[in-house]
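Input: structures, listed below.
Heads up, the next two complexes both have subunit A, just with different partners, subunit B and then subunit C.
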Partner chain A sequence: MLCALAAIPILIAVAVRLSSSVPPGRGPAFLDRITQNGLFVGVTAMLVSVPLFLPLTVGVVAGDTVAGEAGLGTLRYLLVAPAGRVRLLLVKYAGAVAFAVAAPLVVALVGAGIGAALFPVGPVTLLSGDSIGAAEALQRLLLIAAYLAVSLMGLSAIGLFMSTLTDVPVGAMASTVVLSVVSQVLDALPQLEWLHPWLFSHYWLDFADLLRQPIAWESFLTNALLQGGYVAVFGALAYGRFVTKDVLS
Partner chain B sequence: MTAAVPATELSIETTGLSKRFGHQLAVDGVDLAVPKGSVFGFLGPNGSGKTTTIRLMLGLAVPTGGSVRLLGEDMPRQLHGVLPRVGALVEGPAFYPFLSGAANLHRFDAADPHVPAATRKARVRSALERVGLTHAADKKVRAYSLGMKQRLGIANALLAPRDLLILDEPTNGLDPQGTREVRSLVRSLAADGATVFVSSHLLAEVEQICTHAAIMSAGRLVAQGTLEELRQGGQARIRVVTPDAGTAAEVLSRLGLSAATSPGGAAPGGGGVLYAPLPGAAGNGEAAPEAVVAALVAAGVRVRGFAIEQVSLEDRFVALTGEGFDVVQ
Partner chain C sequence: MTRTWLRWMPAAVVPAVIAAGVLSGSLPASAGDPLPEKTPRQVLLMVAQHGEKSLSGTLEQTSQMGLPELPKAGAGSPETAWLELLTGPHTARVYLDGPEKARVQIMDRMAERNAVRNGDELWFYNSKDNTAAHAQLPADADGRHEARPGTATTPEELADKLLAKLDASTEVTVGTDVQVAGRSAYNLLLTPTSDATLVDSVAIAVDGETGLPLGVEVKARGQAEPAFSVAYTSLTLEAPDAAIFNFTPPPGATVEEIPVPDHKAAAALPPSDAAAAKAGKRPTVTGTGWASVLEFPAGAVALPGKAQGGAPDPATANPLRPGTSDPEGTRTVAAALLEQAAVAVPGGRLVSTSLVNVLILNDGRVLAGSVPLERLQAAATPR
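Up next, the complex of A and B:
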């Protein structure tokens, strides 16, 4: 799955490299800047992955956590080992979180790597107009990856909860991914503006503030708070469901 | 029905254990008493509630009513203290198909945070050896046959020294050789001092290895005790072969014996066979068996065969669980 994610920046870099020129203003943001600075492959790839690829892979991993074991029948043997229900749930969530951290990181690092290989690397002009060196730019790239990792915590918790509801892993995966799409669709409807700040996908793309000098942390903190809320609510739901669940698979 | 053993001597004790699925009572007021050190056969036809009872014992499912004590401790409250001493095979084996047999055992062993990791390798190896899977230890489970998976499932139950083994249909999918090996394995586990609780729908299996047995039928416990006690629960009977079944039945009932053509509903082919309780047994009339023959002949019944039969455990089980009970292998 991480390999599939790594393919995205590679695809972008190779496509830009092979095409003679990218008309400015078309395609995803930053795409036109790749030829001048390879580090933008990482930013572009993350931007492109946010709406679908990242939630898709995170949904698959988080949806599989408990339901995957139930589907195989191994859940009953883990529980009679005894693994402990709370401990098993925590370990499973930790696994999903580890993936949510690794996924944007892979996209960022592979993007920076392939960008550096195919394009020149140099100082980066930030959205605030300041210029930073390549090393600091790489730090900003990792900061965006961290922002996305935090953004995916809520979805991971939702996936964990879905996973405790069924013995069919595909069902849990699909419903988690569908929820992430639904959240983004609702976020796009102006009629539901009152709801927007509460949607877990609302701040997913708001990492532009990390590309200013000095860094504006507000969106990072607001996002972290919202994700923390989702983790608390869906973590509690998953706990409540799983500790009382009859394991009949 | 419950043997008079002090509670501390019971490895498993359930009281009024019940589990409801929707409208169906899968387990209905089961009072099991499994003495420490016994090899306990848990018999019943498919769907009689054996696996569900085992799930309730192991804390996998919450009972609708009643309680379970395992090794003297309340379940599921003392689950973390009790389960490390219990090895279990529940409703067949289950593994990660993309991992090898040994890797699967490693993973399950590591699931319990309290078992020593240092001895894991050695314990996995000896468990595999015990079930004869050493040669396939590094093969992916995906490539295992049903019988090999079953053996691996038993190996998983033997990863640590256990005081109690709960094996749900352990010989499912095994060839006759494997079945024999499991039997001798169960005996050796019992010889080591463990209590072994084996569920089965096969009487022959239970009869060969068990000291005690319980019989489930449609979620209810219909009998339990030592094999000897269970055999005695059934009475000896007489068997009359005759074309004049009607007249014979009249004669028998005049002698105080209630005749039946098919005890417990199990009708052997032909309407010319009659069964009746052995005369002389309590409340079954006073006539001696030979006097019964004389009376039959005197009444003009053409007696073609007459025998006194000891009720086999098999007949007893058929009588208790009804037809469709898979008693032969």
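Up next, the complex of A and C:
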């Protein structure tokens, strides 16, 4: 799945390389910058993968955590060992989080790599119009990857909870992905403005705040707080469901 | 059974704890020491005398004018950018260091608009289409910061503008203290004495310590939410990092050199109005104070969409960039907006917002004012 994610920046870079120049202001943001600076491949790839690809892969991994074991019939054997259900749940969640961290990192690093291979690399222009050196730009790229990793924590927790509800992994995966889509649809409806700050996808695209000079940290903090809330709520729900679940019958 | 319930406990407790935390966070912080009582005059004086020239802060601006929301960071044309500021919420960061250095960053989604002034250098940058504009201020520039369309007004500028307009038409009081950006502030209330205007009240938050205006809120009659508000959400009264004011256009950006207009003559007027002024077509004003009605003769306003802004007085409108790059595109966008916002009324079309009504007569005359439609129509009939 990480390979599939790595294909996104490669696809973007090759497409831009082969096509004629992109007029500014068209297509996804930053797309027109790629020909001038390869590092933007990573940013564009992350921007493109935020609405669907990242939630999709994270949903698949998180939905598979418990339901996958249950579906294969291996869950009861895991619980025979005196490890405790809480510990199993924590380990499973840690696995999902590890993927949520790795996924945007792969997109960013592969993007930067392929961009450096196909396009010139130089000072990066930030949204504010200031330019920073390539080394600092790479730091910003990693920061964005970290931002997205934090952004996906909440979805991972939701996936974990869904996974404890069913023995059919596909059901848990699908419902997690559908929830992320529903959240983004609700986020797009201006009539539900009061709800927007509470949607776990609301701050996903605000990683652009890390491309300003000076960095606007507010969105990072709000996002982390919101995701923490989702992790707490759905973690508690998953705990309640999993420790009371009858897995042995 | 009790064990089962015990295990579901966290799932019930965690949301409750979060809800409690959110509720306690949203409650207004218990006001520490109430500010010493002051008369409106004293508060006005505080504003006039405040010496805070160095600050960095974040501004939030919201508008509930009843206009259709335009796409954010839309096409680079100045007219639409200016209209766009009136139709939706915006966040901007403001950095000031003395009268000579300023930077405003309007933070759009995935884009940013910048206005930087460092000494005589004036830079505008729009990341959406990677364009920059540069102006060299004349050496005798009187420290007046010319805001270009696309830059939100700081509360300071807005408050100064409003205070200058104060006259007998307005009742000025000091309301209960408010909290803005974590600071206690006097709440200066301006209430029009006339019933004929759409403006219900204007509230200016004045910092209790320094006299710096922290926010402005304009309320329209019959609307609970403020029709327009701009206020700091965070504020630091320290000189920002000097590097913030150093701006060089990024490589690859399209740089446009703006000829500095003869600012004594025409800088304060948008180009079309400047042309109109040359042709002797100045707007005429009927009525007084809050209920004034501006009448533009036929042909004076090339783009009717432009006249519907929150400022009833064209002189207070932001000077537009001379030499509009794309007049054709601008016209179509403005026309589309007009098409969407205008309703047919006897004698013409009406663009109605909660603060300002603009009547475009069939004979080409345009009447604008912060008054109900009937008064516009009354002003339109020849005396």
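Heads up, the rule we're going with is that the second predicted complex is superposed on the first by the 247 of 249 C-alpha atoms of A that agree within 3 Å, B and C clash if a C-alpha of one lies under 4 Å from a C-alpha of the other, contacts with A are read in each partner's own complex, and residues count from 1 in each chain.
In this text, contacts are C-beta pairs under 8 Å (C-beta built on N, C-alpha and C of every residue); 3 or more make two chains touch, one makes a residue touch a chain.
In this text the structure is predicted, and so the values were computed from the model without any measurement.
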Using the superposition on subunit A, decide if subunit B and subunit C clash or fit. fit
Could you read off the angle at the CA centre of subunit A, spanning the centres of subunit B and subunit C, to the nearest 10°? 140
Quick check for you: in the superposed arrangement, does A:Ser128 touch first (subunit B), second (subunit C), both or neither? second
Figure out whether A:Arg212 sits in contact with subunit B (first) or subunit C (second), or with both, or with neither. second
A:Gln36 contacts which: subunit B (first), subunit C (second), both, neither? second
Contacts of A:Asp64 with subunit B and subunit C, given as first, second, both or neither: neither
I'd like to know which partner A:Thr244 touches here: subunit B for first, subunit C for second, both or neither. both
Just checking: does A:Leu47 make contact with subunit B only, subunit C only, both, or neither of them? Give me first, second, both or neither. second
Once the two complexes are aligned on chain A, which partner has more residues of subunit A within touching range, subunit B or subunit C? C
Is A:Val80 touching anything from subunit B or subunit C once the two structures are fitted on A? First, second, both or neither. first
Check the residue A:Leu72 against both partner chains and state whether it touches subunit B (first), subunit C (second), both, or neither. first
In the overlaid three-chain picture, which partner chain does A:Asp167 touch, first (subunit B) or second (subunit C), both, or neither? neither
Considering the aligned complexes, could you tell me the closest Cα pair distance between subunit B and subunit C in angstrom? 9
Both subunit B and subunit C touch subunit A; at which residues? 244
Which residues, counting only subunit A, touch subunit B once they are in their complex? 72-74, 76-84, 87-88, 244, 246-248
So in the complex, which bits of subunit B are touching subunit A? 55, 58-62, 79-80, 83-84, 86, 88, 90-92, 94-97, 108-109, 111-113, 156
Complex interface listing, subunit A residues touching subunit C: 24-25, 29-30, 32-33, 36, 47, 122-123, 125, 127-131, 190, 205-206, 208-209, 212-214, 216, 218, 229, 232-233, 235-237, 239-240, 243-244
Give the list of subunit C residues in touch with subunit A in this complex. 4, 7-11, 13-15, 18, 58, 69, 76, 93, 105, 107, 109-112, 114, 123, 125, 127-130, 132, 241, 244, 247-253
